[in-house]
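Note that the chains are named A, B, C, D and E in the order they appear, and that numbering of residues resets to 1 at the start of each chain.
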């Protein structure tokens, strides 16, 4: 069940090709039902995710952004997620400073075999964003 | 060393049938330099019966006491009774892990409990907080006649997630505490098999059978007494020993002491001070011989030296043995 | 020595389409917080249960009856009352089900629905709780007497009396704690709340 | 730009919960999209043909296929458009199956999501650039890590095919777990009798170079050109001199060394040859037990050795092997008894593991094949086997089935009856899992012909009572608790990943699951490949496997390597980082962060210092791109603009 | 100020060794100091040294290939250290003349005080005051009252790296725990307040890029992605969204690099508190990695390195 009542929100996901994108595939193959708000962008590695992509998304229309990579030590490129972890942590701490709830942004690690974890992450994060509601509601009503 | 202080929840049993547990624990704590402060106006933890009524209600009976202790600003509560301990731990866990549950429980209480109390069994504070070194240090008397089987009962260490202490299948804390006193301990397999708990009254036959198993395993292991840490276990093993004998056609006559009584004996308290006369199966003969520790050690050293001096005799003995085999 | 469970009750064909009480399954899952589907019937709980010889249904069978939603059979069973919460099943369950907690939940539901098969045990528990309500603590003699009178087992443990008395193990008079009314209030509030929620 | 969009129904897999026709209709409205259609099975031959035709007819220059995961079919469709004359990187896939149709039930929401997903793919494909591979030479030498039956099979198949093979084995002898087994199910043929000759083949094959008692220190490089640092651990015996005569072992005064080969069933000497058929048959010293090391004096073996091979000063030696591909066959590990406190946690000598019992059964084992129980060396009459000791046990972190225990328990019970005819075996089980050829007949035979009593239920407790071990379990079919008073208890302990499996995976840059087993490229279609090209899997390192399956995988991996090495040159993945030297300010932050040291400083003709990517070394992670402040270094196919196009398609769409 | 004379002497001494020395001279009026490049010792006469010498001259260093001398204050020296951490300059090619500083003057604040009157003359008295003469009269201002915000929490009045030190080193008299006090206070506001604050501030941005141009750590020069199409992060539209994004780019690129010299705010014609975002990140870098920019040349900027086990980064639960 989608578990999310009401209108869909815009959630952008950046998934590394080797682990989390595979994990999302695994969840799909196992038919683990998930809320439908998430839109997935495939990147080779979580280390490719410039925090500015997250900012760009949040400033231009996303209500939530999820970044998911391989577990630390298990990066296909050895170190990519170690850099990601530092940069995304920096961003997570900066967001509330500019008035964006840090709960709108989540980064985590899901391996290709963790279909169930992926389902949990998507469900929980979508619920979390729904609790906060749309971020750009004001503009929508203005426009 | 800074003195340790605990909120001491003795529990209902220790006011009645288990008075000697209370007496001996307080004495031992005095020796070990631990301060026990009784929470004012504590009430029953709810125990098993409350759990058959309602989860929230049961937690509330326990949490009333936790709230009182929380106000004392001591932080850690200790109770000798595993049943009280489990009630506190479960109430605390339920309330700290689930905000809604906490609210429901606090609704039933006058003073809310906020989750700031750690509960530990008396065995745990003796084993972990005081430590074996200190336990051994304070020994004044050797008890050479005791061969102890330590019996932990079912819920001292279980379930492991809640108890967070020792091994759930083969606990060793009590064994080590008693060993640290210089007293001989016998290992056996039934340390945690349930004795029948509170069913002594309504389902006596059940308790007889379970208690019988525990007693026989201890005797088979060569123990001549059993050490316990739970008032209910003591009651079932000691008070009901004769009921067991009658029902199962056995003839057990094995004293069941609180481990704190054994500690007290090793620390030089008299059997009278330790309420030893309250045991139904008398431990009298076993604890008659008490040798001041210095004297006892000298004795042992002399024995060892004598054995060393005659290596040839030993070799001869060994040679004889190998020939035999 | 071991009792076969088929002897304890008659096995009628259970029409699962009609006789599966889905609400009951849901209720137990919700109140206990445990997922009953996790049980794969390995029998470890039964294997370790010290009381199983006295049970009409061994624990694993209680779990199975739960999975199939056999509400009446479970709530009328002796097993749920003969469980002493020794936590062996919970400790050893490979599926990490808190079985003892499920049994607790079943007792609570049985009590609520007035379906207690083991009246003696319930009476003993009630006598215990009465003492708590009146005095704030347990007054052992009183508890035993109350139980004996209510259960009709007038001489239960009478043989132990002299032992206990001569050893000075029993207090003849209850100590009433100062805050006994506070404890009684917990009982009251709980009753009012329970009534309100039906 | 002329984009063509193809929406796949995937039978009902997608079309069942996504309105594919509407998705196609929506796409037609997008600027740049000149053609959009939906098709039953786009990946089928006619489906691919339709794409090719459309490219020609509609003059399409960019293609979007909305279907399953690109991890599944990206390559398929890249080839398709390439055949139609487009650069393969002008393809984008939208994953509307795994990420949409299979995980959502609401057709309305799914369709909206699919429309977004395809829009994103269209936005991206319009930013795509043609990319061209370059080619590089392959080193046609293969390394096999692990000398168990899977690794040996792989090594022999590669070597027989003419490839040079480097076989690296962690322990002093090859042979692995199979060398320890007594008989094998369901044929009951002698394990070492069928494995021994294979081991000799490995030893004598001129194409196979064996590093025994060696571990992998470091792996660098990429498919076709790996450099592997192998640590040859100190044996304190010069193997060039050691003849394997065994004189040292006989005279060694230390008799209590732990015997890894026998899983501690009996002690061994501090200097030992693990077993009679060992390959290489050479001695090695265990310094944890050797008196020369623990006490600083002894030297008996040095005195006795006829060839003077003993060298107490020996150090580990590092050798570097250059190979083009790696087959990982590192096998599995087993749960220790200490995981089972309710079974005594190893305190009761007569509660042993299945592999220990295997050694007791084995004619070359410590009891010379006589079944004698460890506590008193008497012959047990009542033997209890406990299956799933740890397996299928979530609370112990092993929720999976260990695959072959049911079978070996049946085998051991049968052998027990053969050895001790008046014995009675009991097997506690939850389910009997025997789905192989002749397997179920085998477990039936144990019960029907050998009288093994199978009891359906778990064992809760094992404790000693006199000389017996009481096994208390449940018989769930009877619905009761049962007890067996046994002389010996054998636990079929859970199969877990090999010790150090995770660390090895990290060195290889391959994925492993929560349990430490290596993850294959595709569970069905690419069972021996990994996501790191040039690294292949064989045997139980991927998951619990019995001998036939392991051997099969060994051969499969070997054939994959043969196929890879059939070309002299390999094509590089052009999706690597590229520097725009005009924009690069030469701050070289990318050089600092590149996990592969694939970027260096370069001075242009005009004297400007800029970053330069070493094409063959770059693995394409893109860390540099997210490091570069001025966007000068861009990971091809995942450039800032390509990803921004996707972000914008969602957020501003 | 005696220091000026000492600086001049020192410059004269180092001259054959360096080709240029960067220092300050008076600007178009007495209130303004301006960078001064000396290429022959004789030019040294025009050098000035007073609290108006506020600019961070080190920004020039990475682009100068020749060996150069430079006059730096404590705060400026952090830039040099940061350059060294990032390998952007060659220490051997810089001769640093360090001058301990008791605080500089914000010209903007002075102008506000004198009502933006044309300045006739500026003198400093011995009691830490600046006296500004205008046609309408004379204004005496305590330097401490018109200093930029950074001076109020200055921890490093004495340069952390130098070849020649002018005068005696001074120790900081500002409490260390106050450095990020403003950040903590701002952080305590509600999300809505903070969002509104930044929207109001950034709305005023005219995208003149002065902040970027003045920033010593903005090394991209003409390649700044605020203005490129490859990659195309933001459009040239003057919308709040684009302005917000520009400032986030600036902040993100300075994560763990901003040396808090305050040049961005000094030059901003719209008085936008642009340094605040970077200071916030610096506070987090301190908390997460115990890293402080520009104090130790051997440190590694935290965004270009990692620890396999990060002590302070905990996994986030949903």
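A few comments on the model shown:
The rule we apply is simple: a contact is a pair of C-beta atoms (placed from the backbone, for glycine too) under 8 Å apart; a residue touches a chain by one contact, two chains touch by 3 or more.
These figures come from a predicted structure and were not determined experimentally.
Chains making contact with subunit C as well as with subunit D: B. The chains touching subunit C as well as subunit E are D.
Counted as hops between touching chains, the shortest connection from subunit A to subunit B is 2.
Chain centres here are means of the Cα atoms, and by that rule the chain farthest away from subunit A is B. Simply put, of A-E and A-D, more C-beta pairs touch at A-D. The chain with its CA mean position farthest from that of subunit E is C. One inter-chain figure worth recording: subunit B and subunit C are separated by 26 Å, centre to centre, where each centre is the mean of the chain's CA atoms. The mean-CA centres of subunit A and subunit C are about 47 angstrom from one another, to the nearest whole unit. Between the Cα centres of subunit D and subunit E there is a gap of 54 Å.
With touch defined as above, residues shared between interfaces to two or more other chains in subunit D number as follows: 342, 593, 627, 640, 644.
Contact of a single residue of subunit A with at least two other chains is seen at positions 50, 56, 60, 73, 79, 83, 87. Looking at subunit E, residues 233, 303 sit in touch with two or more other chains. Contact between chains, using the touch rule, shows up for A-D, A-E, B-C, B-D, C-D, D-E. Residue ranges on subunit E touching subunit A, taken from their complex, read 183, 186-187, 191-198, 233, 241, 244-245, 248-249, 251-252, 255-256, 277, 280-281, 284-285, 288-289, 302-303, 306-308, 310, 313, 315-316, 318. The touching residues of subunit A, when paired with subunit D in their complex, are 1-2, 8, 10, 12, 17-19, 21-22, 24-25, 27-29, 31-36, 39-45, 47-50, 53, 56-57, 60-62, 70, 73-80, 83, 87, 111-114, 119. Within the complex, the subunit B residues that touch subunit D are 167-170, 189-190, 217, 220. Of all residues in subunit C, those touching subunit D in their complex are 2-6, 38, 40-49, 52-53, 57-58, 60-61, 88, 92-96. Partner subunit A is touched in their complex by these residues of subunit D: 69-72, 95, 97-100, 102-106, 109-110, 112-113, 116-117, 120, 502, 505-506, 509, 511-514, 519, 531-532, 575, 593, 595-596, 619-623, 625-627, 635, 638, 640, 643-644, 646-648, 650-652.
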